[in-house]
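Only one structure is covered here, and it is reproduced in the block below.
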Amino acid sequence: MKERVREILSWYGSDNPGVLTNLARMLNHGRLGGTGKFVILPVDQGFEHGPARSFAANAPGYDPRYHFELGIAAGCNAYAAPLGFLEAGAAEFAGEIPLILKLNSSDSLLGGGDPCPAITGSVDEALRLGCVAIGYTIYPGSAFRNTMYEDLRELTEEAKAKGVAVVVWSYPRGGGLSKQGETAIDVAAYAAQIACQLGAHIVKVKPPTTHIEQDAAKKVYEKERIPIGTLAERVRHVVQSAFNGRRIVIFSGGEAKTDEAVFEEVRGIRDGGGSGSIIGRNSFQRPKDTAITFLHTVMDIYGGAIK
Amino acid sequence: MKERVREILSWYGSDNPGVLTNLARMLNHGRLGGTGKFVILPVDQGFEHGPARSFAANAPGYDPRYHFELGIAAGCNAYAAPLGFLEAGAAEFAGEIPLILKLNSSDSLLGGGDPCPAITGSVDEALRLGCVAIGYTIYPGSAFRNTMYEDLRELTEEAKAKGVAVVVWSYPRGGGLSKQGETAIDVAAYAAQIACQLGAHIVKVKPPTTHIEQDAAKKVYEKERIPIGTLAERVRHVVQSAFNGRRIVIFSGGEAKTDEAVFEEVRGIRDGGGSGSIIGRNSFQRPKDTAITFLHTVMDIYGGAIK
Amino acid sequence: MKERVREILSWYGSDNPGVLTNLARMLNHGRLGGTGKFVILPVDQGFEHGPARSFAANAPGYDPRYHFELGIAAGCNAYAAPLGFLEAGAAEFAGEIPLILKLNSSDSLLGGGDPCPAITGSVDEALRLGCVAIGYTIYPGSAFRNTMYEDLRELTEEAKAKGVAVVVWSYPRGGGLSKQGETAIDVAAYAAQIACQLGAHIVKVKPPTTHIEQDAAKKVYEKERIPIGTLAERVRHVVQSAFNGRRIVIFSGGEAKTDEAVFEEVRGIRDGGGSGSIIGRNSFQRPKDTAITFLHTVMDIYGGAIK
Amino acid sequence: MKERVREILSWYGSDNPGVLTNLARMLNHGRLGGTGKFVILPVDQGFEHGPARSFAANAPGYDPRYHFELGIAAGCNAYAAPLGFLEAGAAEFAGEIPLILKLNSSDSLLGGGDPCPAITGSVDEALRLGCVAIGYTIYPGSAFRNTMYEDLRELTEEAKAKGVAVVVWSYPRGGGLSKQGETAIDVAAYAAQIACQLGAHIVKVKPPTTHIEQDAAKKVYEKERIPIGTLAERVRHVVQSAFNGRRIVIFSGGEAKTDEAVFEEVRGIRDGGGSGSIIGRNSFQRPKDTAITFLHTVMDIYGGAIK
Amino acid sequence: MKERVREILSWYGSDNPGVLTNLARMLNHGRLGGTGKFVILPVDQGFEHGPARSFAANAPGYDPRYHFELGIAAGCNAYAAPLGFLEAGAAEFAGEIPLILKLNSSDSLLGGGDPCPAITGSVDEALRLGCVAIGYTIYPGSAFRNTMYEDLRELTEEAKAKGVAVVVWSYPRGGGLSKQGETAIDVAAYAAQIACQLGAHIVKVKPPTTHIEQDAAKKVYEKERIPIGTLAERVRHVVQSAFNGRRIVIFSGGEAKTDEAVFEEVRGIRDGGGSGSIIGRNSFQRPKDTAITFLHTVMDIYGGAIK
């Protein structure tokens, strides 16, 4: 199994041993340690959607320590959250699970307009809190995309110099795109490509649909007969668009749905060569024990114990 | 009693001893010293509303030394003001009361528009003046919220590195909210959450009403039957939204009202688990001796000497 | 008399000996040296209004050396001007009169819009030229006020660290105010308060009228019966609004008027407790010998030699 | 042949040996090494147009290593790409082909408006990856041109100080120009001039047409009878506009077209004194062996082996 | 004659020996060396107007070396150009003519709007290239004037600290002015004053007309009967407006016109006390030998050899 970790690290030949070590920490941690697969617990909904919408369904989640405990107990590869949430547990759970500091966030008290999150953390804060990586969201298609790309660029340069890995959430959204286009296959593949070109080590995108948003792309998909009929095919295309599979690509879960729907989606991601999932609301908005069972099932699908 | 201080400090496990020391200085100071409760004297109305509207009702308050004397005599945990007011007394009253330097302020000579205060101080100025903390106001819901969040982030990183505590006034206001929504329970809880996620040690919000502003939140409050009928219940929800009570949350008094109305509100805050009050106009816009009596009553409600 | 200088310096307890020394240099210089009163010569009209409008009436004033000579001969406490004007004489007249470098200026070639001066100097330039203070204009009520406040804040922090005093011209103007409101008593008092809160050592405002601009203020002035009938009363209120008289407040002369009108105004400022005047056009737009006679009369009113 | 390289280097008399060495590395590398001619492989289409539109036609191109291999096998003088693509091969192919890090890029998910690329790399990143040069695109005629010029200026100053060469893509586009005007002869010559004045060592422009965009220019072209009838004449005029031929000017290929059309264009560039071509889509959007044959033909036209 | 140079240097008493040395280098160089008069060759038209409009009339001018040779052969006091043009000859002609690096430039590919040039050089670049001065254009009357003033201020502070002289092109233009107003006598005098107040050592303005643009100024010109009937009188007024002649003021030639018209203008500048001319298009848009004859005539008018 460790062979697979070494293989993955070999994709990152320009990175220093500090970055490789932190990537390895995630790859070797938890129930999927050593498989090259990832299940990451992200909890930024408190900032993004507000506390009640995020935690009332499972009230222990109001406590920041709960999510450390959940991530540790479930054997996730890493736990990702904004500054405040990590500060509130980083010392108590020091060294028990790799941490990813989310460096930008949006609240939802002001509707409308193209998205442009606020920067809410820094690389030095990530180091202070013992994190292995920074996380950053870009919104390709937003009028403010360049600001995000440029801020990410600076953070990425600093992170790599300081041996910190870079995880990029690439979520197309904004005036340049229709609602349907946000998860269109051409757009999702493009979003993965942009994140990789910006230097991300790990890219997080949404599972794509069969919709094709851009006319110029549509011609190519038809002419080249790129298969996009099944989720596995679409995932394969996104993974291919991430430097032909030489970057780690993981997929977000989105809104709560039935467990079986999640498992089916995970099978598609696995079969298409995706590196794993990042699952927030489906994890922490239910009691801890059922959450662990749920996450273990997801992990076992990725790990191969479950078909 | 010191046990409670130690317990509160244990919530801030990511902070250096410098920050813990300054938090302890506030927690251990004054009539409520050692109880874990706070009554803070804030005087930024001179900048926010102008001198006559702030001080004519009690003319000694034009003199910056008056507020130091009032805070000291009443036994407040701390005194918060902008640069000029603190400069005008910090040497004379050095070491007699913990000081909080307010780092941003708005004047009211230009009406309209979403709020965006000017930055009027710095962490180094706070250190120069012997302060234990910086204070900063954010306006979630304002079109300029991201500028405020990002400026606060930088100041917070610097303050924490230099051992200075961070107090955040989180006042929802702006184009994203109705007037009623500024004190809505969902918005107040969200405002507390945002301040905590941005790394605040102490959060100041307004006492919330039963109004629910956002539709997406309303569904959750109804579905999860979150109790918000009494002020104590609403305070409890806000405190829960501040990392399940693991951040200090204090409440502002707002405009002048009858003393009994204030005491009743304070009982609600106390019963809901709030950490205290920050009381400006109700304190310094009356003669000093009655102000002290008034503040002692508030403190005794928090301290338990008065039911 | 030196007693009065020491008393004034005692108001600035947060400042380092460098700043106190430079304040003392102005307080001890010239015909009013030691009285605690000020008459300052400011010459920024060349930048603000253009050369002919400023100097044609008294052509020797085109030469920057003229104003040094005038300030020295008249015994002014200090001479204030923009970079170019000070550079053109600072070496020749080194040490003969305290200098104030004006750090921002507006030209009048582009009309309309809320005012926002350009920054045209720096603290280090002030040091290079041997100045005792920097001067900076803020326009409360302008849409750009926050930019001015924040730039001033940075300059003030730097100046104080380097032992340089800070003189703030606080001139309400802009979309937030009516023309009449620019010199309204409530606005003038507010303008003084803002400058003090921003950390100014010396505040310059315009002599206020009996007009009250803001409704919220009007209620307070009426309720508290603040006396504003005479200029002396209004000056007293402005001085009170400047930290209860614990900041130096001086008044500008404005456009040229009859000498007797100026003297009458000066008597009002003196009787209201103002610290002095800053007189430009009435000084340098007439022949030097009559200017000196005129300035000596003003000084003697402040000094008490003339009733 | 080496004589020609020395001659070209003599044009750059203000540059330090570090820059000259890196220019020489490109001039001496590959099939055209020593001739003073260039064929550069640029692959920034993944970012600019998305992955499928760029690589589906020749799927191995999804893999960043493919382009290193293609550039090396074809004997290009250099390979240019954005951060992510270079990072994914710079270690594996270290020292095998001179690299140019593209420092700004635009994606095409948000249509409309004047172009303003995001900065996506830095001089220090170029050094980290072993590059010989930075690449930067300016869009003269865009409302954001000054931002691009000023960013380029800073990068250029840093690059030259650190011994890194500067390649500028100068592509007129934006509100100042008609579509036809983007490749007008007057505009192309002007674009070359601007890049040279900004300090570029190597300028890349598009092959110009006979259209003249600006009236003021038209008068001059007619009065001075500047010959622009053939591509060779137009190229000669552009080269003359690049400091009378004392800057390296290379031409882009643009959209895919027939090979013979490309070869004909290359002959025109060669005959007009252009220094070479930068050929992306015509190179990597076909199988590697035919791409190599194609590129060798281009090189041999430049090198003189083919008429 | 050297006496005159010492006298001029005495105007700059605030400057360090480095700046004085570089001013002296220009004052002592060329055919007018030692006379206190200047003829400067500026070549920024390639950037401002494009290459063909600038150089087609005299094709050798496409070569940057041509202008060094022209300036040297004609005995100009200095040669001014943007970065690229100076880089292309600074080593070859090192020490043969004082160089001025123009630090901002505009291209003319995007029409309309108030002018705001891009910054295209730096003080350190000027030092790298062996320049004696930086050049910078401000456009008083433009909506972006403050940006220009503030950028110039920073560059000026840096230049003076590093011993580099500052030449300011002060060209009123923009929404604040009518077309005729750009060269109005009141505006030209004001433009000279602004440049001086911003700290320029040498000011370049256009020859003014008898038009008076601003009403407030008109009253003064009439009341004070300022003589503006002849060019000499207007130049005298501009020179007086430049610190009563204690700053070097030179005049631009503008568009090509007959030689005799230029000579007549030069006589007016000389008789009004102007320090010289800066002549671009009239110099380099004709064959070199006639250009030299032309420039020598101009110089001899200034030097007194020709009436």
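In this document, chain identifiers A, B, C, D and E correspond to the written order of the chains, with residue numbering beginning at 1 in each.
Basically, a residue touches a chain if its C-beta (ideal position, glycine included) is under 8 Å from a C-beta of that chain, and two chains touch if they have at least 3 such contacts.
Model, not experiment: these values are computed from the prediction.
> Treat each pair of touching chains as one step and give the shortest count from chain B to chain C.
Steps on the shortest route: 1.
> State which chains count as neighbours of chain B and simultaneously of chain E.
Both chain B and chain E are touched by C, going by the contact rule given at the top.
> After a C-alpha superposition of chain D on chain E, what does the rotation angle come to, in degrees rounded to the nearest 5?
About 70 degrees, rounded to the nearest 5.
> Nearest whole angstrom, what separates the Cα centre of chain A from the Cα centre of chain E?
58
> Measuring centre to centre with CA averages, how many angstrom lie between chain A and chain D?
36
> Where does chain D touch two or more other chains at once, residue-wise?
Not one residue of chain D touches more than one other chain, so the list is empty.
> In which sequence are the chains arranged about the ring, given a start at chain A and a first step to chain B?
Order round the ring from chain A, first step to chain B: A, B, C, E, D.
> Which positions of chain B touch chain C when the two form their complex?
By the definition above, chain B touches chain C via 46-47, 49-53, 56-57, 59, 62-64, 82-92, 105, 107-111, 116-122, 124-125, 128-129.
> In their complex, what parts of chain A are in touch with chain D?
Residues of chain A touching chain D: 11-15, 140-143, 145-146, 149-150, 153, 157, 172, 174-177, 186-187, 189-190, 192-194, 196-200, 214, 216-217, 220-221, 224, 226, 237, 240-241, 243-244, 246-247.
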